[in-house]
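Can you read through this structure? Questions will come right after.
Per-chain numbering from 1; labels A, B, C and D assigned in written order.
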Amino acid sequence: MAQVFTKSMARNIFYGGSVFFVLLFLALTLDTSLTLPERDQRHQLDPSTEVGQRIAEGKRLWEHNNCIGCHTLLGEGAYFAPELGNVYTRFGNNKEAIKAFIQSRPAYGIPGRRSMPRFNFSDAELDAIAEFLKYSSEINTAGWPPNKQG
Amino acid sequence: MTATIATHQDRYPPGDLAIWIFILAELAVFAIFFAAYAFARMGDVALFDHYQATLDKDAALLNSLALITGSYCVVRALAAMREDHRAASVRWLIAALGMGTLFLVVKSLEYAHHLAAGVRLSTNTFYMFYLSLTFFHFMHVIMGMVILAAVAWKAHRGGYSAREHTGMETGGVYWHMVDLVWLILFPLVYVMR
Amino acid sequence: MKYRSQAVARPYFIAAIGLFLAQIVFGVILGIQYVVGDFLFPEIPFNVARMVHTNTLIVWILMGFMGAAYYLIPEETERELYSPLLAHVMFWVFLAAAALTVAGYLIVPYARLAELTGNDILPTMGREFLEQPTITKVGIVIVALAFLFNIGMTVLKGRKTAVSLVMLIGLLGLALLFLFSFYNPTNLVLDKYYWWWVVHLWVEGVWELILGSMLAFVLIKTTGVDREVVEKWLYVIIAMALITGLVGTGHHYFWIGAPEYWQWWGSIFSALEPLPFFMMTVFAFNMVNQRRRNHPNRAAVLWALGTSVLAFIGAGVWGFLHTLAPVNFYTHGSQITAAHGHMAFFGAYVLINITMISYAMPLLNGREANSMRSQVLEMWSFWLMSVSMVFITLFLTGAGILQVFLQRFTDTPLPFMVVQEKIALFYWLRLISGLVFLGGLVVYITSFFVAARDARQGIAPVAKDAELAPVNP
Amino acid sequence: MSSSNPSRSFVIRPCTQVYLALMGLTATTYLIGTAAAPEQGPGLGLSLLVLGFALLKSHLIGDYFMGLRGLHGPWRWVILLWLLIPGGLILTAFVLSA
């Protein structure tokens, strides 16, 4: 009588199953790649346009100052400070309000409270960050977050 | 035949137990998918009914018959092997592979038709389910055919006998699982409304 | 220790524990900053402390994996490591890169660090968990390649067991997927989509292979159960892990701009993700129950069993709690996520590394097991860390539920910062649990010194390695 | 399924009987699906009948093709259980949405 549960069959299932689901995942990724242009606002990113350049610069500043270390962006990041994927709409679709908020942070924080560092951005840099956050808010995120509070 | 072997055969299904664990996991995925389809349909019955009517029931019937026949071929292949008719067994396996190929061709034609009509996963919830369920199953048919081809090759090379053919049983139950899933999928997605 | 070259694992293990301590110290700082917002501000702002906390975690877990590989691969392949020297050199390269990176985080502002390391040439910084300067990432790739070469050559020339092959596949996947950390387009959706190929496909994909093979190795050694049995379970478990985990990546694609069918695919597959972890628990307890010997290292067995249980609770149960799209719509990016992250990382990857260290360190020091006194300390540290981590998780879950309700679910949603103040009580309780955790870690570290002293005084472990009669099936 | 007794070969094998039953039930399902006007469909009653056919067919496959018939213990029931859970959920959803 043959063995009921063999190691070689378990191994075959591991290899076969893994290849199968890798291929399935890649197939779904392919469809995603084809569908994303309708959802991810990539037309705004054209580097030959001024807006596209501002967004790219804004993302660069976002990364160079590790904003994700406190905030979330589309729900990902740290959970220490407010969600910023929708901050543009939360601030009344107003880039100036975003700029004013970043600029008004005191250098030594607010005693006893969570404080955002003072970054001393130039006006052009503030523009870029605000443009990047506006772009983020326009990505089709399937209705998330549930409300403007993020 | 000793008592231990008898109880052993009574208690465990044919084939390697490892494939059964795998089959259970796969069936669990399909079960959740089917239930998800039914409950998603509750949210928009009109949409589901409308787009269900665009599916090709003739093709689905042909495919159902192909898979059932394919399953039957594998049953006969095993029966032949149990009587040591190796050549007949291989012929039945090749017939099963033929049925699998027929399924893939018909299904591909259906996909080509839908793709030409601009249907994608994101078109609407019905097509999302239709394409997801059938494509996931489609991949299983391919997987089952790869397994059957390996089994047929080994049978051809004399790797199985009336006494020892666990590998063929293992491949067989996987192929039947593919059939089993389609037998639910066909009425659920094509007929029921 | 059967092969001399296994000794290269020792510095890796020691560095891993050292970095673990640093990680927890920064974790406590973060815990304080959650309730006393301006603690250490502006010298060490929250984002810097968090970066140190998460990056030291990743580095020490990788150190642990590498040490584990250097320890178990010679024993599995039954030959000396291909190049112990290369392993030593790479250890110092890796440690130096990690130390310099952390020092960079703490000494200069992050933007300055990005400038100094030429991030504009190939921008990869400033994304969660991948904050390391590009040059550090290149260093990681070099270390990983040298490591894989070393391990791969050893496996190629030696006996090929399931444990060593699975470990090798896991490490290979780890290295390959890390390459996606160099892809950073301006398109935020694409950035996030492939960022998960590093993060999710590591922790819910290839790392599970490494975890499984380490657990299988320790169980084979400590229980004496037939390798054939352990290895077939290993294959089944990791097969399930990949079957559910690969498409399970979709649970991260619900709200980042990816198509909406991911809500179905992600929910369905990740609903099954607890399965491999559950199988792992059943497997570990089965193996220990069917043991054919009583290994004198009781602590290692406790860590192994603890891994299987807490990985299931943290990764399996707490993951499932918020993985379904309709639930995740409300919990995404809340303290619920933090609760799950803490328990899952601790249960799965912290504990498996400690299991390995606990099993291997005495052997690397020339004894089969530590003195009973030292083992009792280890067991205390297990319970202190595990129970406090359970409480951290529960308090964060409580905070998360309230946060979700007040900020997202009610008819009158409150702003983020207002909600944070309302749930501060949970953060205080979490901080207390965190301090207990730190205490547990100190006890763990103490156990090594107690073991060394007892060994000098010739105190043997209490239990002799008694061969058990084969357990009846 | 097979026997060394040569007289058995003149009888239709049980597996062939099952095969014919499966084909017949599938054809019936198809006829039910196509008989009604395309925009109307077979309606709840016939749909549930079709679901019942599907579960019966799957049970036959499990028993006769996958070889679960004659087993004792949990494996005997595992496919049936699998059929009943999603079957029950589908039934619930269709009844509720009718």
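By our rule, a contact is a pair of C-beta atoms (placed from the backbone, for glycine too) under 8 Å apart; a residue touches a chain by one contact, two chains touch by 3 or more.
Just so you know, these numbers come straight off a predicted model, no measurement behind them.
Q: What are the mutual neighbours of chain A and chain D in this structure?
A: Of all the chains present, those in contact with both chain A and chain D are B.
Q: Across the interfaces A-B and B-D, which one involves more C-beta pairs in contact?
A: Answer by contact count: B-D.
Q: Suppose each chain is reduced to the average of its Cα coordinates; what separation in Å results between chain C and chain D?
A: So the centre of chain C lies 47 Å away from the centre of chain D.
Q: Find the geometric centre of each of chain B and chain C from their Cα atoms only, then give the gap between the two centres in Å, rounded to an integer.
A: 39
Q: Please compute the C-alpha centroid of chain B, do the same for chain D, then give the distance between them in whole Å.
A: 14
Q: Please set out, as single numbers or ranges, the residues of chain C touching at least two other chains.
A: As it turns out, chain C has residues touching two or more other chains at 232, 235-236, 239, 243, 259-261, 265.
Q: Tell me, which residues of chain D touch at least two other chains?
A: Expected reply: no residues.
Q: Enumerate the residues of chain B that touch no fewer than two other chains.
A: In chain B, residues 12, 18, 21-22, 28, 32, 121-122 touch at least two other chains, as defined above.
Q: Mind listing each pair of touching chains for me?
A: Result for touching pairs of chains: A-B, A-C, B-C, B-D.
Q: Can you list the chain B residues touching chain A in their complex?
A: Where chain B meets chain A, its residues are 5, 8-9, 12, 16-19, 21-22, 120-122, 135-136, 139, 143, 146-147, 164, 166, 170.
Q: Which of the residues in chain B end up touching chain C in this complex?
A: Of all residues in chain B, those touching chain C are 18, 21-22, 25, 28-29, 32-33, 36, 40, 121-122, 128-129, 132.
Q: What residues on chain B touch chain D, complex-wise?
A: 10-15, 20, 24, 27-28, 30-32, 34-35, 37-39, 41-42, 45, 49-50, 52-53, 57, 60-61, 64-65, 68-69, 71-72, 74-76, 78-79, 82-83, 169, 172-173, 176-177, 179-180, 183-184, 186-188, 190-193
Q: For a test of understanding, state which residues of chain A touch chain B in their complex under the given definition.
A: Result: residues 1-6, 9-10, 13, 16-17, 20, 23-24, 27, 31, 34-35, 38 of chain A touch chain B.
Q: Considering only the defined contacts, which chain C positions touch chain B in the complex?
A: Listed in rising order, the residues are 232, 235-236, 239-240, 243-244, 259-261, 264-265, 267-269, 271-272, 275.
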